[in-house]
Amino acid sequence: MSKEQTSNKELIRLKDLVMEFDGERILDGINLYFNDHEFLTLLGPSGCGKTTTLRIIGGFLTPTSGDVLFDGKCINDEPPYKRQINTVFQRYALFPHLNVFDNIAFGLKVAKLPKDEIQARVHEILDIVGLQGFEHRHIDKLSGGQQQRVAIARALVNRPKVLLLDEPLAALDLRLRKDMQNELKRIQQAMGITFIYVTHDQEEALSMSDTVVVMDKGRIQQIGKPEDIYNEPKNAFVADFIGESNILDGVMLEDYKVKFFGRTFKCLDAGFEKNEPVDVVIRPEDIDFVPPEEGHLIGTVTSVTFKGLNYDIIVDFKGFKWLIQTTDHQPEGATVGIRLNPEDIHVMHKSEYSGMFGDYSSYSAEYDELTEDAADEEE
Amino acid sequence: MKKNKSVLLSAPYILWMVIFTLIPLCVVLYYALTDVETGAFSVKNMENLVLYLPAFWRSILYSLVSALICLVIGYPVAYYMAHCSPTAQKFLYMLVMLPMCMSFLLRTLAWVGLLQDTGIINNFLDMLGLPRLSLIRTPGAVILGMVYNYLPYMILPLYSIIVKIDHRLIEAAEDLGCNGVQVFARVVLPLSMPGILSGITMVFVPAVSTFYISNKLGSTDIVLIGDIIERQFKQGDNANMGAALSLLLMILVFVCTGIMNRFGGDEEGGVPV
Amino acid sequence: MRKANRIITILIFIFLYAPMAVLILASFNTGKDITQFEGFTFMRYVEVFQDRSLLTLLGNSLIISILSSAIATVFGTFSAVGIQRLGPKMRKTVMGLTNIPMTNPDIVTGISLSLLFVFVGSKMLGQRNSLTFWTLLIAHITFNLPYVILNVMPKLQQMDNSLVEAAMDLGCTPTQSFFKVTLPEIMPGIISGAIMSFTMSLDDFVISYFVTGLDFITLPVEIYNYTKKQLQPKIYAMFTMLFLLIFVLMVVMNLLQLRQEKADRARKGG
């Protein structure tokens, strides 16, 4: 696995990480490195192993096999309290018997820093997270967003090299979540340290991260910049998990030529074998309607849902249902045509996920009838 | 989590409990199976248990009756408490608990003063010109003593269950057409079952093994199993026979609580007082 | 319906308190008979403080209950932490063990312990007097331990495990995190366990009765010996004072709790 990133130096490296609980494999060979100053997000559905990975880095779990290297040194057996890493926990884990100041000062007091330095550092961090004047509040008396800030401050005040954040925004409501996303990004840049962020929310991952690591079934599915992950998903799982995708069976005839739905389309992808079976991704927002006679494909509108910004329209192309997101309203039952430009088409290698995602016919019994042969007859 | 060394903290406790609860029970078994004079192995004590069966039955009968009376009179109290204001609940809870902290010997003795032939109740009846009653040294007096001593053990678990019943369930039942009696029979009573079962257990166990209450309030022919055991040990009769009786009493109690727990599906055992 | 319940409740409370009222009344009686109120006096209270042996007995009871509940509280709290970490099967077994003294009738617990002490003391060690202060203390610790465990365990289970992880994340060793985070969190359970075991121990008659030797006797056991004869009225005075003491203690605890809850509500509501 490789990634193109800023030329900062490497801080943490995970080597062939395997984790098993009761014979069940949670992590299946994770190889990953984290650079200094990087905002890296582990993204995946629940049970994909992202939190386990984070807890191994934090020192709360010891991997079954494989190594965690910190500055090139193996820290597998180093307990959490010896690591220069701090964590923002899922539901904050603020100490209910302490007030804001004592929560934040906790790590500094354990480290037995002089009193005036503790004072200075707590106030400095309160400034950064925007909680000046809240020192003596009891944590029960804070809103969710404020508790969140205390949790971040409590970790950051120790000046860790790496901050681990385990779904820190999951408990907040939508609006607050958006605010905190910007806030987190700002804090990360202000402190200039590495953030390793765990979330199942793809939008959160895309909008905050320098690097996104998509995980499923204990394996890394793709590593890349947010734009690359979205525009060039590696397989059907990533394509489906990040945003909405229509995923079709196709055959790569030669470079820049892919055949699906019985038609040959131009595309921008190359480097496949001749006649290699592939998955073809077409994002719903990339598709525009044209009059039926001008379309590459002709289908019937089966459902229309108003979404505010756009309409979600399901179109039946000879039994295969596509999702199309457009501002162009079409009535149910209308016959429509679509054109596909080369840049709208993204071709991926076949994977274990092929055929599992990317069709919108779950409301239709016709799903089973769709075969390549049927599509071929169309030509 | 790494294998945590704090597991080891449980070791001294386990050792303590094995030495001071399990092994003593083995010693009881040892005594029960040896002869009082020769110290040799003998099943004589076990055979002799038959002689004491009437006392066992009496104990079981009296304590069951007491437990049921406690349930019947304790339930309205617990129910009333559960529906008071939080401050009143706290205060009433305290009032129920207070007698449990006071010497049960003296409180039982007070009943002797009340029930005696020349006691307070009879003096009062005298004053009104009514005939004296013979109250003490009757089965009723023993059961009264049991109910009096162990009623709090019924009220407290009942209360703590009833107070947790979600009021919306009662409203839902009313909404679905139940009248007051039906709400009680179909919703409140089934939901208070765990409290009822643990209350009955908590009254039954000390009542079935009591020896002071029957001693003071009962007549000489109302002998409960607790009295017999006490006599075997303290009046130097036969500790080995007493051990055999204790063993049987313990088995009886464990079977009863086992049945209760089975009914209640309650894993962690009774509510501690 | 509620009215009927109210009347029943009032009657039950009269039933619960009438005998105690009789005892309290008897403490002011010039006569010796509990059934005949002859005249009013405070003399009985003076007698209590003049009676050296009675005060010694009370002192004995306090020594045993304070010592045993303190030991059981510390021992039980650490044990609960260990039990919490056991595997589910082992934990169930240990909780079963914990429930034995809770379920067993007191008389059986008392007899089994006294037989153990006699067996070990006289048969194995050849002592003549095997029931001592120490055996009484062991017995009290044994029946106090489950109260502490059963009060502390739920608090440990309720506690968010990530709090301990957070403490370790912030530089605490496991031991430090126990004292800085776990202990304050489970403190309410520890306190109620301690109070419960103290009152159980102070008031215990049945178990002590079988385990007490001749050289160290607690108040409830001696009261039992007194009740075999005509009771001296000063005992009633002692009862009354203990009643008042416990009543005041309970009221104070209640008020403190109420204030705490009010503060909590204000905090959450704010």
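Order as written gives the chain letters A, B and C; numbering starts at 1 within each chain.
Everything below uses one rule, namely that a residue touches a chain if its C-beta (ideal position, glycine included) is under 8 Å from a C-beta of that chain, and two chains touch if they have at least 3 such contacts.
For clarity, every value in this text was computed on a predicted model and none was experimentally measured.
Farthest from chain A, judged by the mean position of CA atoms in each chain, is B. When chain centres are taken as C-alpha averages, the shortest distance to the whole-protein C-alpha average belongs to C.
Mean C-alpha positions place chain A and chain C at a centre distance of 57 Å.
Separating the CA-averaged centres of chain B and chain C is a span of 17 Å. Centre-to-centre separation of chain A and chain B, using mean CA positions: 60 Å.
Across the assembly, chain C contributes 174 as residues in contact with two or more other chains.
Residue positions of chain A touching 2 or more other chains, listed in rising order: 60, 79. Residues of chain C touching chain B in their complex: 1-2, 4-6, 8-9, 12-13, 15-20, 22-23, 26, 34-35, 75-76, 78-79, 81-83, 85-86, 94-95, 97-109, 111-116, 119, 138-139, 141-142, 145-147, 149-151, 174, 178, 196, 199-200, 202-203, 205, 209-210, 220, 223-224, 227, 231, 235-236, 239, 242-243, 246-247, 250-251, 254, 257-258. Those residues of chain A whose C-beta lies close enough to touch chain C in the complex are 58-60, 79-81, 85-87, 89-91, 93-97, 106-107, 110-111, 138, 140-141, 154-155, 158. Residue ranges on chain C touching chain A, taken from their complex, read 160, 162-163, 165-174, 176, 180-181, 184-185, 264, 267-268, 270. Chain B makes touch with chain C in their complex at residues 4-14, 16-18, 20-25, 27-28, 30-31, 73-74, 76-77, 79-81, 83, 87, 90-92, 94-111, 113-114, 116, 118-120, 123, 148, 151-152, 180, 205-206, 208-209, 211-212, 216, 226, 229-230, 233-234, 239, 242-243, 246, 249-250, 253-254, 257, 268-270, 272-273.
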